[in-house]
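After the structure tokens below, expect a handful of questions from me.
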Amino acid sequence: MSPLATMVRRVLGLGASVLLSSFVVFLVPFVSPGDPVRSLLRARMDIGAADEATVQAYAEQFGLHDPMLVQFGRWLGRFATGDMGISHISGTPVADQVLPAIGVTLSLAGSALLVAIVASILLGVASATRAGQWPDRLITSITHALIAIPEYALAPLLVLLFAVRFSLLPSAGFDSPASLVLPVFILALRPISFFTVAVRSGVCQALDSEHVLAARARGLSSTQALVRHVVPHGLLPLWTMVGVWFAGLLGGSVIVEVIFAIPGMGRLIFDSIVDADIPVAQGGVVVVVACAVVVTGIVDLVHKISDPNVRIGVRHG
Amino acid sequence: MARNHSREILLSPPAFILLAVVILTIAAPWISPYDPNAQSLADRLQAPSLAHLLGTDALGRDTLSRVLHGGRFSLSVALITTLFSLLVGTALGLLSAVRGGWLDELFLRVNDLLLALPEIVIALLIIAVMGPGFSTMVLSVGVVAWTPTARLVRSMAAQALSTHHVEASKHVGASRWFILRHHVLPFVAGPVLAQAALRFGLLLVLLGSLSYLGIGVQPPQSDWGSMLAEAQPHAIRSPWGMIAPGAAIFLVSFCVTLLGNRITHVLGGQDVLATEAKAEIHD
Amino acid sequence: MTRELEFIDLSVSSGDQRLLSEARGALRAGELVAVVGRSGSGKTLLTKAIIGLLPQQLRVEGKILLDGQRLDQLDEKAMDSVRGRRISMLFQQPKRVMNPLLTIRAHLLEALGAHGWGKARQHEDRVLSLLEEVGLSPAKQIAGKRPDQLSGGMAQRAMLAIALAADPEFILADEPTSSLDSILKSEVLQLLRRKQQERGVGVLFVTHDIASIQHIADRVVVVSDGQIVDQCPTALIFSKDRHSKTRELVEASLPPLRTLRATDSACLLEAVDAGKNYTRRAKGSAALNPTSLRLHGGQVLGVVGRSGSGKSTFARLLAGLEQPTTGRIIHAHHNGEATRVQVIAQEPYSSFDPRLTIRTSMSAAVHRLPAIQAGERMAQAMAQVGLPEQLLDRRPGQCSGGQLQRLAIARALLTEPQVLICDESTSALDSVAQRHILDLLLDLREQMGLSLVVISHDMDVIRYVSDDVAVFYEGELVEHRPLDDFLADPEHQHSKDLVAALDITAAVPSAS
Amino acid sequence: APEKAADPEARVVVANFRAPVSNWALESDDAYVLSIAGCLETLAKYDQGTKTVEPMLATSWKQSSDTEWDFELRKNVEFQDGTIMDAKAVAASLNHVLKATAPARAVNPKTIKKVEALDADTVRVTTPGADPLLPYRMASVNAGVLSPAAYTGKGIDPMHHCTGPFAPVSEKAGQSLTLDRNENYWDGEVKLAGGEIRYITEGATRATQVQTVEADISMSIPATSLATLEADDKISVLKADSPRTSTLYLNNSRAPFDNPELRKAATMALDLPAMAASIYEGAAQPATGPFAPSEPWANPDLAVPQVNLVEAKKLVEASGYKQEKPLEIIAITERAEFAGVGAIIQEQFKQIGLQANVVTKSYGAAEPDVLAGKYDMILSQRNRMIDIADPIGFLQSDYTCEGGYNLSHYCNEDYDKLVGQALVEKDETKRHDLYRKAGDILAEDAANVWLVNEQAIDAVGAKVQGYVQDPLTRYVLTKDLAKTS
């Protein structure tokens, strides 16, 4: 398939994904129990019953009692002009909530992945170059253990240890580099395992490949060959995974965001769905989906350009 | 899988531990020292003792009994969702690989979408609609859980189908069924089984996180995740309440991952985690 | 004193198994020594053992002397400065041994020991002159390319430039030409010989094909089952009283002894303006331009052409594995049944599922028959290809390449084909095994009246089996004539090149 | 030891349980955040110590007719942006809240007809009917006053637009509000250089923050963290009766709890002290009735209901109730402790022969059924003095036959009559008397089971000085709050 056709398909796919996901989110208040307008009012004010007139007036203000498709059409019309709508709770533009949140999450997910990349390169190379020996077995065990850790159990324990007990790190928030340490560490755990395995197998494969042997025959020392020929190849499979994980972490760090009181995307979506603030939830989901599709698309593209195995394609015949 | 292979898998330490956990949880009603819901408000938040091996929780309920009973819930939900995703994922993955065309295209798009929407957000949407509970949990996780399996099956089946030997078989007149049965399924089965083990572990943790967030299992029922959530506020005074269910989730998930890894290992494959990674590289 | 690379009692073992035992020999500067032997005989092990790059699990014993200095006792660091600088290597698959992420320039700089920051500029002249020396121009442009952007021949030349970069005294060449087509092969061989003589380098040239090196090698060393069984000056290799293993190799490279021509019979298969364009766009060159051709019963059609010239595409169209985008393929009907066509693929190891027994794989062809009948048919097919029935219960990993290729033929025979298309079916095999398969094919034609389409980039093969030759060039059938006419008077420029290449590598008459 | 001197450069960090969600709309609960921050001030102020409404931005007020109140503004009060606070600005602020689509609970068109500036220093508030509680309303945070410049096209901008001791200077969305000392504060010198309000909705995290000294004051500490904090000698834990009572609402409108005998049995079955001591960690008092004992209108003679299983069983039998299927206790998910409370109730009901299941639901999901009277029991909690320090709103909406929030669907004409009288009673003592009688009727009828009176718990770090706890969570950063270095 030509690059242009791929691009067009991707863009169409992106549009479809965004539309579909926003519609799914949009449906939630229509099919879930409870009155969404009262939910919205409750989010503005403490538990208590709003009287019917208030509910009516409030619904009127945001057109919440219009037929479903009319509402969705209105949202779409606005969205087409780049306007994500108005939050039903704060009455402010959705973008004002979504953009800071995505910023927070981007830096959180970005740092976590950065940590994971660095750690996994070290671990993966260390274990591949000692394949079958104890460092390899140890690292492999660690990678298997990391994914089994329930982060919601580990995070509170780490807070108790590092924040409460030793006062080394802040227990929550998102303002100083120190406040990033624990959440980033916890978010990085799982990617570290997956990345390490990818790097390890990539490096193992590269170690076995003939071009590394040829490089040695050219007079490169084993370290030089490792740095110049093995590791770059070992890392090729990593980049696609980074893309996928990046996409996943954008909205998927709810637990960490809740535990560490971080005003990120996962939390924003979580709260807005709970409070029935659908424009915000829609905006959040759309941005997450769009970012995810774009990121995976870019990674795919980079992968296609950078990985010669993919670039050449498998010969038929 | 050859017989000695199965033996190598089944006679391993993780398999024993898992078996023990499963037996203990199944037998929970008979072996647990207390009724998991029996409260004794006077004996709350006790440290481990002879009377309560793992101490008591905030309502004075025996933590050990609750971990055992909670395991029934946690493990069965995780098992059901894993089986569900295994069946659905394998069927759809095969279909997509074999049929190709628009079906495959549709499959890829749906996958892209589900990949872009974090699992927990999807779970949240479903819970918002259906309210929390057992079936919601299974459904909300099941909706997404099949995709990694399907992607793996699709990519492996496509890989199997594009081999020279399949082409050779086809050309000498092998039927579709012959190819599926001899060339594709044996190729796919091992990694998929290994991945299912891995998925079970991951799902156990994910389901726990729903309960932890309070949108999963609802009291008075409890699973390991909700036990963790209940115990967290008391963590300083009584860390056992958190450590026990946390360790249970970790132990089961870890063992089952090791087991999955053993499967790929005896099949001469890579690390089980790579099955998940392979599933991610698509299109 | 001439420089000398000597190995004494060199053994390589894996566990208790001796893979190479007590090899002894020497290579002097300015000399080209051919190491010949069948696949798996230990040729590669020998070269890797000399340069000290065997995998760690293999144990090496014996002495390796470079100008009297014990290489086997050097530490890794010292060895690093021998490799590339004093002894370098050439490999069979140039693209696979180059780092696909790096440019040719980067490879050359590495070989020059100049891969640091800022050193590139200083050595640019050296890089370009090396490339020009091996006939790669414009050098500047080629230096900037990555391996996958080069053709096979160019890559092999680049490989040679890399090997020559640090001005080594010895080059160990492990089958550097066996993946090239005849024309390229002769070009590269000549280039190698020239450079070797100009620079006075000692070359150890590994091959399984005596014919290809008979004009350039000074001496021949014959390896069989991990042992050096024979060595002598090249000229003496053809004498009748040499070691039996030597004879075997020599015979496999002999010119055709047969000039049997099948009598014309009915047309089985006909291509009428059949062409194929893989891309959907109308523009852009088609993989195969419209081609017309007839195939008769019992005929052997040899198909030659460079890589990418459309040979396989044509074969796939004939076999019905692909639908032509223009024209059509007409199958003759005989007793109401259309002509049955079967294809034998190139790679013996990939044409059987490694997890299944051969029997299961074979049963694909007869799984619709009752079990007993199917078993009988398989036994019969095995007999036809001259293999014992026990082989059926092995897995592909337990069979040799030659056996697998026979098994592939047996599987094809199960469908009772009238036409057998062999797409490079022997090029992965050593010359002896290749000869055996070709003989088997000719036998089958003899016995069963099979028509054969033999696709090969190796003119020796074509000449050995064909009645008629079809030459493809850039997706076009440029020549289609009886073999003798073709050899005597090739018309198309490409055909002329092919025939000329044949002369250079042609075997001398057996009486010598 | 002698108290250390306060540091004039010190800033105090407050971990607040509430995050502003409504773009600082004063009719919403965001007003509480601004009030806690020491930014937003009101004309009057309810003093927790004296239990009276006292002057703040207004120096005095008088009722010029049954429905008209004139507030005399304090002179020379400047907004933090330097503009003068005059009657026009005050009227504009209040009218803004009155015009809101979703108006505030205490300040809305039903309680206030109009607000106008009589002259530069006098604001007239007109009520639809006689309302002795108007000064209370004007003390609610929703009646806060902001500079005219705060009302922008894009909503409310509080930065430097209040009158209070602290001026907001910047906000990190979803995280915190930073404030600096108001050098020109009308009520004198402000001791702290500034402060920060951090929005931390997770209770456990708030508790941790004060332990780690990331926060100086953590508000609304969850009961579960209480023991830990109390064990920490660097932290003082302040408790006060809050106007919230956790209540097991019984559906009075349908079987079986339309039978008062059965409701009484339910009350007798529950061991409230044990509940308060366990789930609530002693951070709540077993309830004696609809009011907390510390409230002026509570009946001091009411005692915590005694567990009496024998009597309760008898009542159940006497009621003739035959249980066919288990009753349902809805525990709302918004309050984590209700799951445990529900579990306890389930156990204790079992002992008097009532089978019940606990189902957890979000309040939003449960509300339609509850309001429609389609439920058995729901665990919820209710603030009696939302926004104003008087229970009349609560008594009216929650228990009168026509009450807008009568979850228990309770209806008693005698009760309604008492509430009607209280509504127009100007004399405070008499009014409180009426409240008490109304409360007695509720208790007598066992309208619901009032479980525990919750307490407001704040945790305060050792360096903080001059912190006065406000159970209604309105005032935290005050001019007198200080911190040692």
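Each chain gets a letter, A, B, C and D, in the order it is written, and its residues are counted from 1.
Just so we're on the same page, a contact is a pair of C-beta atoms (placed from the backbone, for glycine too) under 8 Å apart; a residue touches a chain by one contact, two chains touch by 3 or more.
Source: prediction; values computed, not measured.
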Which of A-D and B-D has more C-beta contact pairs: A-D
Chain of greatest Cα-centre distance to chain C: D
Chain B-chain D separation of Cα centroids, rounded to whole Å: 45
Rounded Å distance between chain A and chain D, as computed from the means of their C-alpha atoms: 39
Separation of mean Cα positions, chain C and chain A [Å, integer]: 49
Intercentroid distance (Cα basis), chain D paired with chain C, Å: 88
Multi-chain contact sites of chain D, meaning residues that touch two or more partners: 204, 362, 365
Residue numbers of chain A (touch at least two other chains): 32-33, 156, 164, 258, 274
Contacting residues of chain B [partner chain A, same complex]: 109, 112-113, 115-121, 124-125, 128-131, 162, 198, 201-202, 205, 208-209, 212-213, 225, 228-229, 232, 235-236, 239, 242-243, 245-246, 249-254, 257-258, 261, 270-274, 276-277, 280-281, 283
Complex contacts: residues of chain B adjacent to chain D: 37, 39, 41, 44, 58-60, 131-132, 214, 218-220, 229-230, 232-234, 236-237
Residues of chain C touching chain B in the complex: 319, 321, 342-343, 345, 347, 350-353, 355-356, 360-361, 364-365, 367-368, 408, 411-412, 414-415
For the chain D and chain A complex, residues of the former touching the latter: 21-23, 25, 28-30, 101-105, 154-155, 172-176, 198-202, 204-205, 208-209, 211-214, 334, 362-368, 371, 380-383, 386, 397, 404-405
Parts of chain D lying in touch with chain B, wherever the complex brings them together: 203-204, 222, 224-225, 227-228, 274-275, 277-279, 331, 333, 336, 339-340, 342-344, 346-347, 357-362, 365
